[in-house]
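First up is the structure itself, then whatever we jot down about it.
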Amino acid sequence: MAAIIWTTIGAVLTLSVYSFLYKDNPFYKFAEHLVVGISAGYYLVIYYFNFIQPNVVSPVFQLRLGGEAIGLGSNTWWLALIPGLLGLLLYTRFFPKIGWVGRWPLGIYVGGYAGLGLSPIMQARVLDQIGANALPLTSVTNILVVGGLLGTLTYFFFSMKHKGVLGVMARVGIVFLMVGFGASFGYTVMSRVSLLIGRVSFLLHDCLHLI
Amino acid sequence: MRREIPLAITFLVGMFMLVDFFVPHHAVSSAAAEMKQWGTIVIAASILLGVGNLIRVHYKKISRKQEGWGYSIVTMSVMAIMLFFGGPWGTIQEGSAFNWMFLNVQVPLQSTMFSLLAFFIASAAYRAFRLRSVESSMLLISAIIVMLGRVPLGQLLTRGLPEQATLPWLTEMIMAYPNMAAFRGILMGAALGVMAMGLRVILGIERSYLGGDK
Amino acid sequence: MNQVRRILLVSLALAAAAVGSVRAQETAPQDGIESAALDIVPPGPPCALTVRDYLEHSDSGDKIEIEWGLSPDDGSGAGDVTGYVLSRSLAEGEVGDVLEEIASGATHYVDVSVEPGVEYYYSLEAYDGTNSSERVWAGPVAGRVNLFQWSRLSVLVLMLLFFAMVTWFTAAAGKGAKLFVRRIPGLNAIEEAVGRATEMGRPVLYVPGIGEIDNIMTIASLNILSHVAKITARYDTPLIVPTARAVVMSAAEEVVKQAYAEVGNPDAYNPDNIRYLSDAQFAFAGAVNGIMLREKPAANLYMGAFWAESLLLAETGFEAGAIQVAGTAMVSQLPFFVTACDFTLMGEELYAASAYLSREPKLLGGLKGSDWMKVVSIVLMVAGIVAHIVGLEWFVAWFQTQ
Amino acid sequence: MNIFERFMEIDRRWIFLAIGIAVIIPFFFPLGLPVVVTEPVQNLYDALDEIPPNGQPLLLAIDYAPATLPELEPMSLALLRHAFSNDVNVAVLTLHPAGYGLAERAMNQVAEEMGQVYGEDYCFLGFQPGISAVILGMGVNIRNVFPEDAYGTPLSEIPILDGVRNYDDIPLLISLAGWSAAEAWVYYAHQPYGQDVGAGVTAVMATDFYPYLDTGQLVGLLGGMRGAAEYEGLIDHHDAGVRGMDSQSVIHILIIILIVLGNIAYFGARRKKREQERNAA
């Protein structure tokens, strides 16, 4: 019985969203506000139980009480206090006098991830790609790949005017970009249709038992 | 001072993480791992800022009876229900009410919204793919070849022809060569853009994300 | 491990069966089981056990490499060696714990579980299913911590080169050198779009993507947002900024508030227009669609990191009749923005735009540095092609780091 | 306004209606069109096929969330069927918080169907938060990250994980993901530890992964429902993948017809406009 109710709710909500294709209407508005509310509650709970509780609350309280060490950073209980405090600092923005302290956790977060990203990006997105593109120009496909990359890179030159040889190469680059965009557009249709098939099969199979 | 401290923190942490990639010493990698963990916790802790904003906006709407305030009540009450199910009195495990709400309301709603794209991709293609110029023709032609080459019906169209003339083969060729070359170009260019910007962030030249200069 | 054990067991059974059948021919069997008498000759010991710190890839000192010569009975001689047993201890002459059972024929093993800097002793014996050979010893040896990952040298070299170029051009720009930057077509479109919204008296919608604040695209987007906010502040056009991440929301608040203050119109700043909607991707997209249809912005700007919601936003925005300008470096979403929006900043153009708009010479230095890095990349690629032709494969291998 | 101009400005809701009808029809009247196998799929199939039976386990990371279920679940089922029919052991895990139930569902369905025993043929490590930290941690020792399986059994008590320490003992790792998890496995498992990684991703993501195939960072790739259908063809077990391909065919052809009609209308309208201009002049 419960299953039937939930499936029916699922079906009604699914159709409410599709009604948006006709025009904006109360059913869609209801579905939209529903999903926003649910996800707000969901993420609040999940973030607390998956991150804050195991990494801050538990280590601090359990270790102080002499329990087992848990979590990744649990060498010493006070270490777990640091991220907790950093998290709290975000809220100083509501107190104008000390609001500037709220920038510290952001500094750590953004700086850390910027530093973390740089070298792997250089490795995987520049060096490895150059290496993979250093192809002997012995086949049409290799010439296509090398020429296409040269053109596209030229298109992204900002500090030189696209004139003469550079202009021709940038134009070749644009043609390659367009072929690439068209191809991946065409390639994506399938993925989007797959999702629709998933929903249609939910409606026809799980709800209406037609197939 | 107020500006220098966060910039100094950014610089030190950024440089440390940068070094982590090159130094195999476990002291460095474990400290880096610890800091990564901190980052995720800071982000997790920030969610309350967002939800606070959401509550404020909807509360205003409801209290002033602005247009659509009834829907704001929907948002606020389901959020309260989720917090009640998942909060201190509830559980979030498999089979709990919290999980049921997630699986039976949020998931179908989200995946249905996602599937709207099947309709939109068709309308976008209809509208934009016109033989207007060389560029837009390239876009159109490669899209049509790939669309045909990807599905069994398209494969049937060129069955019996030599392999190099079949649509699936052409599709693979387009994906593997011109498409890859173009995307590699974007990828490399964007990587350099990211690195230049990342470096500016670490050096404190870029600080818009801290809310401007002053 | 499981497999090694299984191999050992199977070989043991085979050896026993073989021995059994040989014996069966020599003497008349009294009964089948007894006849499979046990092999009492132990195999010869392995020879020349050497241990050393593992050097090939720069490791964190947790690996030790062990090599030995085959037992004379492994493969040749009695040919009955089924495997080797490797043990490790902390004191000389002590056997310690069994580390691994290694199948016959192997002469090489890497212990990946050592504590860096601690001295270990290793011993090895050959095993034929029933008997073990004499033990051979080696040690002491300690895993040395490496301070540099040598396999990543090429990454470091290019990083330093890139940093040097960026810093040099940034410094040059700071000293007043004129740096040329070509016009980026999508940029004027942003200003036109905002201008049109002002004329029509309708709001501007600015979506900074759904990336977290650590995503560099989001940071570039906040830069552009600051520029857009200054224009809307000047003309008193409402600016709606929906966000999918709480931290991005609070950063966007600061950026917009700051921009309104700089232009001298701080009262026009409306905090209710900087909204956090949802961390959930499609809940966010659905809610932004709602804003487009109900608050009817005349200009939609999508700048930052977008995933599948890109087309959902852009098609709804088109239907609502807004001018749309997008900018992203998400390769997979570019095709959709390019087809559905009026203008699109592609890939690096997004980062370039954020530097260009600020017009700050320091930021333009980075652009120049990236351009020169492109030249270096192209030169390296051409050098790689030449290297292939003349057979200098190591050159390409050097920058392919795995 | 002539017919061309009217067609140019067609209400897009008619297009939506046509798409809706086109997707439903094949559910009732299947076409059963054959699917051609592409190289990245064949490569992944071969890599899995080469894993010795009853030995070191295949690590299957079912990293997808409900949103990409229709594309990626058929892959999970096909890969699990292939592994189990070859007697290859499988260890399943997930990096997506919402992936837990989905991973369990796919694993249990195929295990039941093929009479596999938990612990002896397959096991489920569950979910751990933190993507790069989890992947990197497993390179040192899987037990550091997953001290026990999803049901609380210590890993040392699971027979198929006996002697499995880190990536050195994993012949192949396949990540099925509709987000950047598959890339993370490449960056943090292949790059530093040399782990062979295969991936199954949505069709839209597949384009991003071609460069990785080319550089050898990925051993094979399944792209979208089509990839799943090809794999179903290879293991000769037709299921949701092959069925979905019929709807795909119809919609793809429909979109192409729309584009062609749109262009005819475009040129028709342009010619009329030119004629009018000429007449006016």
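Each chain carries a letter (A, B, C and D) given by its place in the written order, and its residues are counted from 1.
Going forward, contacts are C-beta pairs under 8 Å (C-beta built on N, C-alpha and C of every residue); 3 or more make two chains touch, one makes a residue touch a chain.
Everything numeric in this text was worked out from a predicted model, so none of it was measured.
Looking at which of B-C and A-C shares more C-beta pairs in contact, the answer is the pair B-C. Between chain A and chain D the centroid-to-centroid distance comes to 17 Å (mean Cα coordinates, whole Å).
Chain C and chain D have centres, each the mean of its CA atoms, that are 20 Å apart. Multi-chain contact residues, meaning those touching two or more other chains, occur in chain A at positions 17, 20-21, 29, 31-32, 35-36, 38-40, 42-43, 46, 50-51, 72, 90, 106, 109-110, 112-114, 117-120, 122-123, 126, 128-133, 146, 149, 153, 156, 177, 180-185, 187-190, 192-193, 195-196, 198-199.
Residues of chain C in contact with at least two other chains: 152, 155-156, 162, 213-214, 216, 219, 247, 250-251, 277, 279-283, 286, 294, 308, 331-332, 334, 336, 338-339, 346-348, 352, 367, 370, 373-374, 377, 400, 402.
Residue positions of chain B with contacts to 2 or more other chains are 21-22, 33, 36-37, 39-40, 43, 46-51, 54, 68, 102, 106, 109-111, 113-114, 116-119, 121-123, 125, 127, 129, 139-140, 143-144, 147, 150-151, 175-176, 179-180, 183-184, 186-190, 192, 194-195, 198-199, 201, 209-211.
In terms of inter-chain touching, the protein chains here all touch one another pairwise. Those residues of chain D whose C-beta lies close enough to touch chain A in the complex are 13, 16, 19, 23-24, 27-28, 67-71, 97, 129-130, 133, 186-187, 191, 202-204, 206-207, 211, 214-215, 217, 223-226, 240, 244, 247-248, 251-252, 255.
Interface residues of chain B facing chain D in the complex, by the touch rule stated above, are 33, 36-37, 40, 94, 99, 102-103, 107, 110-111, 114, 118-119, 121-123, 125-127, 129-131, 140, 143-144, 147-148, 150-156, 168, 172, 175-176, 179-180, 183-184, 187.
On the chain A side of its complex with chain C, the touching residues are 17, 20, 24, 28-29, 31-32, 35-36, 38-40, 42-43, 90, 93, 102, 106, 109-110, 112-114, 117-119, 122-123, 126-128, 130-137, 146, 149-150, 153, 156-162, 177, 180-182, 184-185, 188.
The residues of chain C lying in touch with chain A in their complex are 152, 154-156, 158-159, 162, 179-182, 184, 213-214, 216, 219, 247, 250-251, 277-280, 282-283, 286-287, 289-290, 293-294, 331-332, 334-336, 338-339, 346-349, 352, 367-368, 370-371, 373-374, 377-378, 380-381, 383-385, 387-389, 396-397, 399-402.
Chain B meets chain C in the complex at residues 21-26, 29, 39, 43, 46-51, 53-54, 56-57, 60, 68, 106, 109-111, 113-114, 116-117, 120-121, 123-125, 127-129, 139, 183, 186-190, 192-201, 205-206, 208-214.
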